[in-house]
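Each chain carries a letter (A, B, C, D, E and F) given by its place in the written order, and its residues are counted from 1.
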Amino acid sequence: MKRHIRLILPIITKVDGFVDGVAEFENDDFKIDAVNIDIGPSSVENEIDEALAATGVILKAIEAENEGVDAVIIDSCGDAGIFPAREAVSIPVLGAGQTSMHVASMLGGRFSIVTVLDSVVGLFEDLAKKYGVYDHLASIRWIDIPVLDIHKNLGAVKQKLAEESLRAIEEDGANGIVLGCTGFIGCAAFIEKLLKSKGYDVPVVDPTTTCLVISQGLIKLNLSHSKKMYPTPATNKPVIGFNLPLFEPPVQKLKAVK
Amino acid sequence: MKRHIRLILPIITKVDGFVDGVAEFENDDFKIDAVNIDIGPSSVENEIDEALAATGVILKAIEAENEGVDAVIIDSCGDAGIFPAREAVSIPVLGAGQTSMHVASMLGGRFSIVTVLDSVVGLFEDLAKKYGVYDHLASIRWIDIPVLDIHKNLGAVKQKLAEESLRAIEEDGANGIVLGCTGFIGCAAFIEKLLKSKGYDVPVVDPTTTCLVISQGLIKLNLSHSKKMYPTPATNKPVIGFNLPLFEPPVQKLKAVK
Amino acid sequence: MKRHIRLILPIITKVDGFVDGVAEFENDDFKIDAVNIDIGPSSVENEIDEALAATGVILKAIEAENEGVDAVIIDSCGDAGIFPAREAVSIPVLGAGQTSMHVASMLGGRFSIVTVLDSVVGLFEDLAKKYGVYDHLASIRWIDIPVLDIHKNLGAVKQKLAEESLRAIEEDGANGIVLGCTGFIGCAAFIEKLLKSKGYDVPVVDPTTTCLVISQGLIKLNLSHSKKMYPTPATNKPVIGFNLPLFEPPVQKLKAVK
Amino acid sequence: MKRHIRLILPIITKVDGFVDGVAEFENDDFKIDAVNIDIGPSSVENEIDEALAATGVILKAIEAENEGVDAVIIDSCGDAGIFPAREAVSIPVLGAGQTSMHVASMLGGRFSIVTVLDSVVGLFEDLAKKYGVYDHLASIRWIDIPVLDIHKNLGAVKQKLAEESLRAIEEDGANGIVLGCTGFIGCAAFIEKLLKSKGYDVPVVDPTTTCLVISQGLIKLNLSHSKKMYPTPATNKPVIGFNLPLFEPPVQKLKAVK
Amino acid sequence: MKRHIRLILPIITKVDGFVDGVAEFENDDFKIDAVNIDIGPSSVENEIDEALAATGVILKAIEAENEGVDAVIIDSCGDAGIFPAREAVSIPVLGAGQTSMHVASMLGGRFSIVTVLDSVVGLFEDLAKKYGVYDHLASIRWIDIPVLDIHKNLGAVKQKLAEESLRAIEEDGANGIVLGCTGFIGCAAFIEKLLKSKGYDVPVVDPTTTCLVISQGLIKLNLSHSKKMYPTPATNKPVIGFNLPLFEPPVQKLKAVK
Amino acid sequence: MKRHIRLILPIITKVDGFVDGVAEFENDDFKIDAVNIDIGPSSVENEIDEALAATGVILKAIEAENEGVDAVIIDSCGDAGIFPAREAVSIPVLGAGQTSMHVASMLGGRFSIVTVLDSVVGLFEDLAKKYGVYDHLASIRWIDIPVLDIHKNLGAVKQKLAEESLRAIEEDGANGIVLGCTGFIGCAAFIEKLLKSKGYDVPVVDPTTTCLVISQGLIKLNLSHSKKMYPTPATNKPVIGFNLPLFEPPVQKLKAVK
């Protein structure tokens, strides 16, 4: 029986051609699909976006578990809603940011994040601290292009990513690169090649595809996040504004009362 | 002219008698009021509650700034929505958890958090890491009473808090205590007294009232959080499910489209 | 009844016009005065000055407590004598350095200290380590003007402070500034304005006034440093060279025998 | 074409039945085999064993790369020879210890290692420091059974592992368990079940199988360790005692001269 | 020519028999003597004592350098006045606490301090943080006997030291012991023997004698502390209460004016 | 009776003139000699060299202890084989890297390592982490000259070392320098002098000679590494490829079987 991985895009924007990048990770063992959240922002570029996206992510994680999905990936480097979603379900919930940072730490000690805008620098610093990988973080650099503009000129995006990656290596002492936006999918090979032409053979970690293979691994191992760290909450209390079907299919469907 | 501080309770539950605890911090210079959020959970005891509360907090922070409030306090030790709210407004946004941890660090090096349930232990560990005070954290202890049951038997709550505080001092090396729930308001004096009777004269930091005096101080100093760390986001992109009046009164009222 | 805060200037130099800067923090609730120490250096710019000032600070803290003062502030960023003074008395003892560093940490994650001379760089590094805020410290910069020359050309001082603050933000990744000398009182607004004109809206923490509001807050909360961390010493042993009236009014006035 | 993963057992002991544990990770895409080292110890239980094993591991890593293997796993929690092997080859070299610690960090914040003997406690502490995951390490516990005795009474081993894991959770605050010996393969499920019966649903990370799935993932991603961090050494210098065919097939076969 | 090491006892108490313990470190190359400070406390057991002792230490360090002494040792585990003394002179200034902690770190990773009273626990924690060896500190334990009572019953002192050292090893994970009081000179051998009889062969670092050999080493290497970290202060400013002959023999003998 | 210190050069290369540099540390109390390892690399410049050298170091440490040597020094900044050698013997085993880093930490807080090639940067970062002195490490710089070329133009080496040391001080905030190669013996004085001419009086720590004096000190103190941290391994198991005479003179001489 095929196992099922679902990417939760914590945005309301339909991303064309997304399937192309992940299709090669499907095989006889694994089916992959992707869903947008129903409520939330059109892109995730700051803490407000993270907050607006979190509830949508929780809902989609619950939906996924109810549908028999085997693992979900929050397909955004800010990992919107990762810890509450881990509380809500027992299937593995991976975040593109956390997973990439640990993989990069493992492969080269110190890494730099190259991302979209300087507005997320503080956000990534906080994530690295929260995940306990701050000592591995060499620097955070950005290309000054908003998420929603990435596909307007992908060539320029790749070039700028490669340039900032090169600076991270030469000026900040990075031994590896984490692409700090899932919108950069498909760019890693170009960057690696350019860096190699400068004499630097370093891992360039693409967040989405890295999560895909790690989630496949966790499924095979029957391994998930700790429910001691992220315990399933009790649900016998009212909530307003969100219709949260926790622990379906039993009982107390919490209605928005507002 | 009186300056105005607003407590944002990141819950939908009306808390009777709350005003009593904070009234003494009002004076000729400062007016204090408190509001519930309109959408969110009835108590905050886990990461899901934090996520559900965040949007409500952002909305109330924007409302407060628009009404001329001078500082807002997120009156919950998990600091639901603190960083997005800091992005949304320029007036100081304090969190009960972060503020208490820094004050306790300043007064005694290592502190323990005594809280409601073991389900929030991981949450507080993550907060301490994110705030950069993890080395100051001696331990986290809990009394095994849910938030909404605190006022059912306040005497027992105080007694248990004092007992766990004593253990934190004697077994975990704590030099001070942070009360890990704003619902414990009014309990600090009892705990201090009991600890003193055992020979320990240590600070017992009550989160709400600590935030009140710190926010009064920041207002006097005309000091707020860093907008470089928490930059005001651009708002020219659609959001579904939340009606977020950022940067009123101009233009693009973001409507829930759903 | 008015509560009473005393600034202890850990120097023997009379500072004209000092009262101006703090007067606005007096009100119906709080009286503020300032005293010099009787023995010690004329300015604090290195570890020797810190050591020479410490005893004078202890004496003034004891005197203050005996006179019914409610909190004392060591008005120097090196916090001369802070921990021994905390042992000597039970009223809150705040240090300008420690307090500013924690407030800056709370408001923006990473801060830079901008101070007088490079001779205090090591001293501040050690303080940040001792206070457990080293991870928050982005950099230490200096304007190369000794303390006692600050008021000879305050305009140039302000300009240089603003320039180094700008460099701290742009080159060192600081999200906030701590003024590393209490002699810089009155400079914060100018620096904030200049930084804002460059597009950086960040907190510029003035040490003295920050301590004033925090001490007012601690008094209201009836909160002081941990006597477990800073225990009152036994006094039944001789001391030479210092006349230390610990725990007056009883008995064994320790006389200098020399 | 099948990709090829090779387990390097950094010991000279043939392990019967080893194939059983890993066979289920073979499929249409991946072939897995295992080799012993030719020179080295019969088990790895201390720093001397690690040192004796390292050269054998380097040789087997070079051999694997020369034979077209796609990734190698050092199948021992001390990761004998991991960094030199990474210098020697460009295909991914994973260590059972490092990989498990990062996966456990990702799944639950703080983990405990449960291992064979107290003689390796210091060794694991050093590894956790070197890998930058020391803050994630809750404790190290042991069952007091040497590696070579594990299979003499596997039932008792499982029982003791479960007991120490339970203590790690209840007494040391662990949110997950890393099995600190690859000889424990096949024990994780029993431990998980026992812990669940006590109310703890936590990940129990088996080192070998975890490495297998992570290495499969890295191969799919075409991702390897950083050659900037682990650069290929120059080889124009003599070596005595080891016949190290670095960078075959060219030239200067380094002969043992002794 | 014999080189000259001077122990500065940062107390006013004459210690009988002290010479015995250090005499064996004298030889054809090294002369050792010891001086009390002229002003300060009779023992060092808290931060106030540290502060009272610092000036006396600075004076004795200057005196020593003027007399041609080659290195000074502050013979107290709190290292009273170490950093100001390093500013005052160019000859090496070692502290018993700092030196012991680094030697213990080097010999066994994690160490425990066993000291006199619980009143110095916070003090040692702060020192370990300031010196950057906090991660090496397994625990701090005490025998509850004041410094001045050590020699009243040295047998009991040794026994208690050994017992607490044993607990540090078995309960706190220490791999070595630092004796946390220079008054414990002569006790290390007894403790080592008792620990060995329990199966623990660990270093027991005696602070005074450790400083003696390290200072001999630094003298041979012509190596001293960094004057960039501890710069010589300018002296053209008045001081009251201390007659500090800095940089003799020139000019501006700073007189106590009081 | 003379005590005996042995330098173990973890290389097979005979170093002419080496004796000159260490001869001055011999005296009536101490005899010093040096041995090469019998199997291993001709220089140590990467992790492979470290691994190839380790067994040779263990063998020479055992040989030294058997011959009555009182302490051994691994004369290479990578400390090849230090921890296994500590397991193998009870006499003190010092590493040039670890010892220098701790001494530099003690003398000036933050230090930079100036070494031969950029290929060892990652190696030194890992060492600093493993030894727990990472926070003291200001930077790692290199002169781009391989170990075996040092003596081809010692003048240029000294000049480059001084230049990089100067940069470390002025650009990286170092307060002291650790020479990151034992081949730099005899260079420290030149560097110190050049730095002093630029106004920087900082310690330049030469690894070999620093180890010599520290080992002399440990011998006098009868102090060695912790056998709890580095326990003597059991030897009742076969090894192939190495003839390791552990625990002579008894029994089970482990033969290379290959």
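Going forward, a contact is a pair of C-beta atoms (placed from the backbone, for glycine too) under 8 Å apart; a residue touches a chain by one contact, two chains touch by 3 or more.
Everything numeric in this text was worked out from a predicted model, so none of it was measured.
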Relative to chain F, chain with the most remote C-alpha centre: B
Pair joined by the larger number of C-beta contacts - A-F, B-C: B-C
Cα-centroid distance, chain B relative to chain E, in whole angstrom: 44
Centre-to-centre distance between chain F and chain E (centres being mean Cα positions), rounded to whole Å: 27
Residues of chain B engaged with two or more neighbouring chains: 109-110, 122, 126, 129, 132, 135, 175, 228-230
Contact pairs between chains, per stated definition: A-B, A-C, A-D, A-F, B-C, B-D, B-E, C-E, C-F, D-E, D-F, E-F
Touch list for chain C against partner chain F, complex: 121-122, 125-126, 129, 134
List of chain F residues in touch with chain D within their complex: 12, 38-43, 45-52, 54-56, 58, 81, 83-84, 86-88, 118-119, 122-123, 126, 129-130, 132, 146, 148, 228-231, 233-234, 237-242, 244, 246, 256, 258
For the chain D and chain B complex, residues of the former touching the latter: 109-110, 135, 173, 175
Complex contact set, residues of chain F against chain E: 25, 27-29, 90, 92, 94, 98-99, 102-103, 105-110, 131-133, 135-136, 169, 175-176, 189, 200-203, 205-206, 209-210, 213-214, 216-218, 220-230
